[in-house]
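Quick heads-up: structures coming right below.
In what comes next, subunit A is part of two complexes: it sits with subunit B in the first one and with subunit C in the second one.
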Partner chain A sequence: MKTKMDFPSINERKPDGQGDGGQAYKVLIVDDSMFVKKQISQILTSEGFEVVGTAGDGLEGLEKYKELYPDVDFVTMDITMPKMDGISSLEKILEFDKEAKVIMVSALGKQDLVKKALMIGAKNYIVKPLDRVKVLERVLQSIK
Partner chain B sequence: MMIIIKMSDYLDPNNEELLKDFYVEAEMQIDLFEQNILVLENNSENMDAVDEIFRAAHTLKGASATVQMNELADFTHIVEDVLDEIRGGKIKVLPSVVDVLLEAIDLIKEMLRLRAEGQVYEEDISEITDSLKDLLGGQGIQESETEIPASKTENNKESAVSDKSGLSEHEILELLETAEDGEKVYEIKVIFNEDHPMNSIGGIQVFAGLKGSGVVLKTIPDFEELYEDIFHLEIVYYLATSQNVDQISSKLNIPGVVTDSSITLLKSFPMGGTQSDSVVDDRAPEIVEKPKQEKAPEASDEKPDVSGEKDKKIRKSKSTGSVLRVDSRRIDNLLNLVSETVITKATLNQIGNDFSEVEVNLNEQDRRYKESLKNLIESLPEYIEKAQDGHTIKEVKAEINERFAELFTIFDSSQGKLKSTIVKFRSTSQNLARTTSELQEGVMQIRMVPISQIFSRFPRLVRDASKSLEKKIKLKIVGEETELDKSVIEDLLDPLIHCVRNSVDHGIEIPEDRLKAGKAAEGLVTLRARNEGSMIIIDIEDDGKGIDVETVRAKAVDRGIIHPNKVLSDVEAFNLIFEAGFSTASQVSNISGRGVGLDVVKRKIEKLNGNVNVWSEPGKGSRLTIKIPLTLAIIQALLVRIGSEIYAIPITSVIDSHRIKPSDIKMIDGYEVINVREDVISLIRLNRLFNIPTESSGEYNFVVIVGSGDKKMGLMVDSLIGEEDVVIKPLRDRYTSSPGVAGATILGDGIVALIIDVNQLLDLGLKQEIENRRRRSASIM
Partner chain C sequence: MRVEYINPFVEAAFDILKEVLGDEVQRGELYLKSTSQAVMGVAAFVGLAGNVEGRVLFDMTMETAIAIASEMNDETLTTLDDLGKATITELANMITAQAVTKLHDLGFTFDLTPPAIFTGENMEITDNEVEALIVPVITKQGKIEINVAVRERT
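== the complex of A and B ==
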C-alpha cells in the first residue's frame, strides 16, 4: 500500500503569501486605477496574502498606512496618481515608519521615477503590465 | 526594448469581471483624454489638461497591455510618447497636433469597440503612427533620436568599461583608504538582463540594495550615468562593508534583472603589478555566485502564437452585462434603509405575537363569558322563584349583579391590549411605507447617472461637424449634473446625437449668412438638461435660421404625409419634421442627411416613454425638447376601469380627461369623434379594442385624451380610478404581440393591470386613417 510519502502532495505547499507561522502577509494597495488594484489584489490573494486596505491616491495611501500600522506588512504603490504621487507618498510613509516595505508599481517608461523611488527607499518595483509570476517574485523578495 | 508578455493564470479567459472593469475604465480614460484635448485646443497653455491627457493615455496603455490587447497597447504607447513631449514643452500644441491626437483617440476607440465585439483591429495604422512619429521627430528634434544614440552611447560605454575593467593601483588604494576599520572593500560585477522591461533601472536597484549594507564608494560607469535612461550591460560597484559575501550576494539576487554577478574582495597589491583583466582572473576562485539565467527570451519567443490564441478565448468571454459605478454613500444610505426595514420587520413580528396573545386571551374570555351567560340564563328561573318567594326586586338585582358583574369587564383587558397593538401596528406600517418608498428611491438612485456621461461626447462632435461644414459653432452645456436612469441614458445617446447634428447641420447657418442676418458669426448650440417632477427635459437649442413653416408644409403635402386641405397650426407643422421620410435639407450632407430623419429620434424617444416637441422662430433659431421619464422601471400611471378590468395609462402621454354624454359623440366618416374645445378628436372604445364586455354605460362616459406631439386620441373608458406609481413588469412571449399593451403591473391589492401602449394605439389610429384616405381617393378615381 502506498502512503502519502510516495506522493508528495502539491497541496502541501504553503501558500507564498503566508509567513512561517501560517499567518497571511498583509498588504496595502495604493493605485488610482481600480483595474490595477483589482489585478494586484487578485494575484496576491490567490497566494494567500491578505489585502488589508486599498487607496486611490498617494495621500489616501499614506493615511491608510498610518491607520493600519503596524498591521501591514507591505505596500504596493503606483507612481502616477492624482493628489499625491507615489514618490511623495513613499517619502511620507518612510518618514512615518522607516521600516516600511514599499514596492513601486510603474508603467514602462518611468525609469527615472523608479530610480528615484528606489534611492529613497522603496524595496522593489513591479512593471506594468503586471505579470503574476513577476509580481509574486518581487513581492516575496521584498518582504523576506 | 522588448515587452515580455507571459501568460498569467489570473487572466484566464473566464475572468469576465476583469475585462468588464477594463472596458469601463478604458472608456473613462478615453473620455478624459478627449475632453482635455478639446480644453487644450482652446487653451494650449493649460498644463493641467496635458497632465490629465497624459495620465489617461498612460493608464490606458498599461491596462490594455495587461489584457493583452497588444495593438492597443502599442499604439497608445506612441501616443503617450507624443504626450510626454507635449508635457515637456518640446512639442507645441498646434491645431495640427490636436487633429492628430483626435484622430488617434478615434483609432483607439475603434480598436476598443472591435475588441468589445470580439474582433481585433487589423487595418493599417501606419499613416497615423507616422504622423505621430513625425511630431516626435519634427518638433522634438532632440528626442527623435533617442533610440539610436542611446544604443550608441551604450556601445561606447561597454568598450570603455572593458578597456579598463579594473582600476589603477592608485585608485584601489584610495578606495581601501576610504573604507572604515573592520570594513572590507568588494568589487562587485553585475551583468544585467537587457530584455527586462525598463532595463535601465537595474543599476540603481542594485545600488539601492547595496547602499543598505554598506557604502558604495564608486561605480563604473559613474553614478550619474546610472541615473540616466541608458542600459548598461555590466556595472561594477565598489562596496565598503562589514557584511560577508553571502549577505552581499543576496542583494544581487534580483530575478529577471540581474543575469550574472561576481563578488571579489579588493586587496592592495604591494607588488604594484598590472591591474587589468589578469588580476580579476587571478581572483576567480572567489567568484561566489552565478545566478540562474533568465528565462525571459524563451517566454518572449512563444509570445505571438500563445497570446493570439488567448486573445480569441478572451474575446469570446467579452462582457455581456454592463457595469455601474455607484457613489458609495448611496449604498450606505440603502444599507441604512435596509437595517430600518429589518427593525420594522422585527416590530411587525412582535405585533404579530401581540395579536395572537390577544386572540388567546379573547378565546379564554369568550369561554368564560359564555359560561357566565349560560349560568345566568340557567339561574334565571331560580331568581324568578326568589322574586316570587317574596324577595324584593332590588335584592334579586343586587345578587345577580354581584354574581355576574364579571360579564361587564370580562373583555376590558383584551380591549385595551388590542387597542394599543393596533396603534403600534399602524405606526409600524407607516414606517414601513416610508422606508419602502425611500428604498425604492434609493435603488432608483443607484441606477441614476449624471447626464454628463453622454453630454461629454458632444463638444467633440460639434467641433468635428462644424469644422467639416466650415461653420463656427460654440456648444454650451447646461445642467450636465442632472441625473437619470442608466438604462435610459444608454438609449438616449443616439437620438441626442441626431438632434445635435441636425442643429449643427440644418440649423446654424454658415458665417457669411449669419453676418448678413445681423447675427454673430459664431453660432450657438445649447444642450440643456433639467428635472421636472419625475421627468427629465432635454433641450437642444440653436440660434440658427429656424424652421420655415411653409417649406415644411409644402414638403409634407408633396410627400403625402398630410392632406393638402388640412389646416395646420405652426406647432403641428413643426412636428411634421418628425414624420418618416421627411428631411427639409435640400441637399444630403454627410452630417445629418443620411436618409434617416428625425422620425428615428421620435421613435426612440417614444420607446423610452418620452416625447419630443419642436419649437422654432424663423430667423431666430429652433429648439427640440425631449421629455422622458427618469426611469423606465416605475412610471406614474392613470388607472382606469373598463368593465371589470383595470388598465394603466402612462401619465406622460395623458393630456386631459373629460366626462361626456353619449350624445356628445359624433360620427364622421364612420368614426366616432368628440369635440374638445376647438379640436376634433377621434375616439377609441377600449372595451371594443380589448374585447371586454361592459354593461351598457350609464349616463356618462369618460374619455382620456392621450397623445404625443401633434397626434391626439381619445380613449373611452368606464371610469377613472386615480393616479398611482406602478412598477412595470414586462409581458413575456405570447402576450407581447397584443396590440396596445406595453406591459403589466400589480396593484396594491394584488390585481394585475395591463399598461396601455399609447404610441401603438396612436399608430393604430393613424394607420386606419391613412388606409381610409387611400380607399377614398381610390373610389373617387
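== the complex of A and C ==
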C-alpha cells in the first residue's frame, strides 16, 4: 500500500518567500494603485513572504521604510506616483540605507525611467501586467 | 485625424487585454465620429499633451467594467467599488503606457495625464475641432470602445 511517505518531496517544498531558517522575507509595497498593491501582495504572500507595510506614494514609502528599518528585506516601488515619484523615493531610501533592495514596478513603455532607476541602484524591475512567475523570479533574484 | 494615432492604442489594448483576461479578444469595425457621442457608463479618460494633443477614452458599460475588474482581481465584484475603479484605471494605464512607446518610436512626443474614471448614466462627450476614431474591442466580459481624439499641434 502506498502511503504519504512515498511522496514526501513535492508538498514539503519550502515556500520561496522564506529564508533558510524558515523566516519570511519582509516586503514593503509602494504603489498608488490599490489594484496593483493587492496583486503584488497576493502573489508574494502566497509564497510565504510577509507584507510588513504598504504606501501610496514615494514620500510615504520613504517614511515607512525608515520606520520599518531594519525589519524590511526589500521594497517594490511603482515609478509614477503622486507627491514623490518612485525614482526620487528610491534615491532617498538608498541615501538612508545603501544596502536597500528596491525592485521597480513599471508599465511597459517607461524603459528610460527603469534604466535610470537601475543606474541609481534599484536591484531589478518588474513590468506590468504582473505575471506571477516573473514577479517571484525577479524578487528572488534580487534578495538572494 | 490620422489613423496611425489610433493603431498603437488598439494594438496595446489587444496585448494587454489578452494578457490580463487570459482570453482571446476581437476587433470590431473602426468608425469615425465628429459630433457628440454617448458614453456607455464607465469611461477611463487619459489626456495627451505635446506635439500631439487630445484624449483617449476607454469606454464600456458598468456590467463590462465590473466583469473585467472581477476577472483581473480573481474575485467576484458586485459593484464598481474603489478596488474596481483602481483596476480599470490600471488597465487604462497599462494600455496607454504601451501605446505611447509605440507612438514615441514613430516620432510623436507627448506626455500623458494620469487616468481619470467617469461613471454615470446618459453621459456624452463632445470634442471641439477634432474628430474621434473609435475601435470596438470585444472581450468575453463585454465590449470596450477605444475612442481616440487627437490632433497635431499647430
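Criterion: the second predicted complex is superposed on the first by the 136 of 144 C-alpha atoms of A that agree within 3 Å, B and C clash if a C-alpha of one lies under 4 Å from a C-alpha of the other, contacts with A are read in each partner's own complex, and residues count from 1 in each chain.
As a working rule, contacts are C-beta pairs under 8 Å (C-beta built on N, C-alpha and C of every residue); 3 or more make two chains touch, one makes a residue touch a chain.
Bear in mind that the values here come from a model prediction, so they are computed numbers and not experimental data.
When the two structures are aligned on the shared chain, A:L94 is found in touch with neither subunit B nor subunit C.
Judged by the touch definition given at the top, the superposed model places A:L68 against neither subunit B nor subunit C. Contacts of A:T80 after superposition on the shared chain: both subunit B and subunit C are touched. Of the two partners subunit B and subunit C, more subunit A residues are in touch with B. In the superposition on chain A, A:M119 makes contact with subunit B only, while subunit C stays out of contact range. In the superposition on chain A, contact of A:V52 is made with neither subunit B nor subunit C.
In the superposition on chain A, A:K38 makes contact with both subunit B and subunit C.
Using the contact criterion defined above for the overlaid structures, shared-chain residue A:V133 touches subunit B, although it does not reach subunit C. In the superposition on chain A, the residues of subunit A contacting both subunit B and subunit C are 33-36, 38-39, 80, 107-111, 128-129, 131.
Touching subunit C in their complex are the following residues of subunit A: 33-36, 38-39, 80, 107-111, 128-129, 131.
Residues of subunit B touching subunit A in their complex: 1, 3-6, 8-10, 17-18, 21-22, 25, 55, 58-59, 61-63, 65-66, 73, 77, 80-81, 84, 197-198, 200-201, 204-205, 207-208, 211, 226-227, 229, 253-256.
Those residues of subunit A lying in contact with subunit B across their complex are 32-36, 38-39, 42-43, 46, 80, 82, 106-112, 114-115, 118-119, 121-122, 124-125, 127-134, 137, 141. Residues of subunit C that touch subunit A in their complex: 16, 19-20, 72-73, 82-83, 86-87, 89-90, 93-94, 97-101, 114.
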